[in-house]
């Protein structure tokens, strides 16, 4: 790991240099909503944010994505889709959202490989931005991560006043910096200290905490608990939690066609909808909101840890913040731990 | 789009006509060999009361520049009140479209009886000209690019 | 300000009735200004009920949200009533559902609360973004006194209230079984200010305004799910054949969805602003609803959610309804 | 980059057989890959599934109902239920469809060598069982006794009637049919499949029971099998869920932490018992 500093006033030059070779996605602001968008000029970027409304998964796992095109009908033909190899940079991604990609990798790079996600993943460089002022509902520390974690990014920026403290983590990151090394200066001991104190301050800001030990085992015991009924009672099944979740990856596949041409597309779907699992016969394995709420919690905190090394939650707090009826995942897990078997 | 800009814009209009009056009126206009623009593509429905506002929205999405809805004169509905209900629905739809910045003139409604072939021809002429002036539907047209 | 004791008493009284399954009300949420719907199945559970200006949720959604699952061989359907704590607009939603025969009056017990307006959490959050501790809020005449981090803040009411609350014409529940406190005498007149701002724009500007909002829509349908009046068994947007609105998320389909939603609420929307509150992408949906409410009021002199006996707007007509636009 | 797993191969419908007619019609489609390479290399085992698409309508998950010993084609039996299956039923011989797969696990055809196989099917649930039945018939020396218990609502709802009649005629296999409601001219059992199973009273010794049908039937068949003395690892079922991707990405077909599309569809009773999940 190499450390550099980048003066804040050189940031626009840095972004411009990147734009020559890469599509740069960075946080932009519209009213109260921050969104990672393809930027055309450095001034589009707004770094005055806690986190974006929609997670940056929307860049690698787009909400609507074409799988292949076809000529529709009973004499159908396939028109294969070219998988784009455009190089992307996601600038100022928060460490928690960067982690979400590592979690998604375990899904899309498993027994089968999803070339649409993986090609984008391979061709993107994640430039993280430490979270100096975590939000009210942030709890990434509960998963052993830190708001300034460099584990899942290629390069990490940390705001240390006049400058950014820049750490290059992966080979991808190192190569990128090597090309424009003249913009950077070597970091001094003082810069390093500034970063460390920013990290400490950030960690101290985080008030919320989810205790995870024993949760996987506990969940195995309380599948039939009354708890799920009581949580699901207030759930209105709106699916906001799943749409805003950086690790939710479920999708629906649909054919859309005119008379002449069409495409099979995939769009984000949500396990909170009853149609999601409804069989054509009318049988529904998850007929009630109770089943759906339970499945969501289990998928994140039981099934995922069983199938991979991760819990499918990064602690970004979006589902807590935007749940219309205050179903608070931290509170849910706390209640899970309280249930007597 | 390029084709349309090079040539003169020919409006594409979908007409939802009720079986008993306005479709018969259109038929009369045809059998009487009246001249009127060929821009209206007619879809026959049993009653104007069948017309869901989403028919109109879907038509505008899928390539129509305008939509004409034809029903019996008030009081003449074959099913007694169908056209009155549609009148309310379409009034509200037009109000909403106007508020969204989609030209409400794209959606037109007319009462044409089975005997009013002349009126039907005139109505078609009028709305074709109106929509020609407004230009092609841009706001909610489906792109169909995948 | 609602008397806490009186509320809890009323809930206790209701929940101990034999023909009542449970009562839905509000309790304190898990952080900050959050308040969450609460279900009392017994008198003990009623103790936690509160009513503060942060009780924004429209609880009228819950009776229709109950899933009727297939019954076992010896099971009987539980037909007991559901108790609801209702504000003015919530009660209007219930009236509207009853009018449409979605519920029977005897299916619900309503504990009415004369409402002096509730706080829009989005406004509060954007003002004070950093509070994790539970926030206390008190209403004092024309201002709110908010307490957090041991500090008191006084803010004029209009700055925090929902737009729909500022000039709410119906602070009192039109129907209720128990009323907490006194009915409020209100002379408010809805001014439709925000609607008028959009109305005064040119056609191009209007579309530019809505294009930007609809472009952002992620079609999660939270607006529909939170709406007490969107209780269709199968929403038109979920139908596969015909596919009214395609699943792909783009401007055309998003607009079609939003038109569809607004139209299906025309003459039914009671203006509770739940759709706008739950929208994760901050689309000003209330403006669409209010616009139609305004026009329907002007054209048909019709106000939804006032009378249980009234006929639904689109299920009725007058022979002399205006028809200037008809050729 | 690897190939696109969402993109199917093109097949031609070679033959369509009407198994059941009426409201819930069932047709069996015989599908032949257009690409000779694919035709040669497409291998599967009984129990595995395919995704069949009709371009413009959508895609559905079906069990392969033919046996891998039937070379050169695959078959899928389709009940007319939803949007895609209704459109599939409109198709004619010579039309093109898309197929991708095979997906999921399969019956343990080698592990069950020298055992008796007991099939318990209901309605369209016979489709995946048929693959194994045909496989067992073609590799008859590999297995001992073959018993087929099969039922449907009415005689009109029974699939693969001719094949079942052939099986009945054979000396090395037994067929026990049932219908739910009495009908004129029916000389087999009248009643539900689980009851027919109890009536038949098979011996659990050296036997594997494989069941497929509506969820409620599977539930009672399993209960009755246990009552008959079958142990938990002698009972197998193949499940069905709503599916979109078929390859474990789209998330909807999970039972507990397993996905029916790639970890299933064949599960033993033992597995299911330990899986907490909604079925």
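Read from first to last, the chains carry the letters A, B, C and D; within each, the first residue is number 1.
One rule holds in what follows: contacts are C-beta pairs under 8 Å (C-beta built on N, C-alpha and C of every residue); 3 or more make two chains touch, one makes a residue touch a chain.
Small disclaimer: the values here were computed from a predicted structure and weren't measured.
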* Which two chains does the highest number of contacting C-beta pairs join? -> A-D
* **For chain A paired with chain C, centre-to-centre distance based on mean C-alpha positions, whole Å** => 31
* Whole-Å separation of chain centres (CA-atom averages), chain A against chain B -> 47
* Indicate the whole-number Å distance between the mean C-alpha point of chain A and the mean C-alpha point of chain D. => 39
* Distance from chain D to chain B - Cα centre to Cα centre, in angstrom -> 51
* So which stretches of chain A touch two or more other chains? -> 252, 254, 256, 262, 265
* Give me the residues of chain C that touch two or more other chains. => 246, 250
* Which chain D residues sit where two or more other chains touch them? -> 82
* If you go through all the chains, which pairs of them touch? -> A-B, A-C, A-D, B-C, C-D
* To do: Quick one: which bits of chain A touch chain C in the complex? Just the residue numbers, please.
  => 30-33, 50, 53-54, 63-64, 133, 135-137, 207-208, 230, 233-234, 236-240, 243-244, 252, 254, 256, 265, 267-268, 270, 273, 275, 287-289, 320, 322, 324-328, 330-331
* Report the residues of chain C in contact with chain B in the complex, numbered from low to high. => 195, 198-199, 201, 203-211, 236, 244, 246, 250-253, 255-256, 259-260, 262-263, 266-267, 288, 291-292, 295-296, 299-300, 313-315, 317-319, 321-323, 325-327
* Structure fact -> The residues of chain C that touch chain D in their complex are 240-241
* Can you name the residues of chain C that touch chain A in the complex? -> 29-32, 34-39, 57, 61, 65, 67, 69, 122, 126, 129-133, 212, 216, 218, 220-222, 225-226, 238, 246-250, 274, 277-278, 280-282
* Structure fact -> Given the complex, residues on chain B that touch chain A span 144, 146
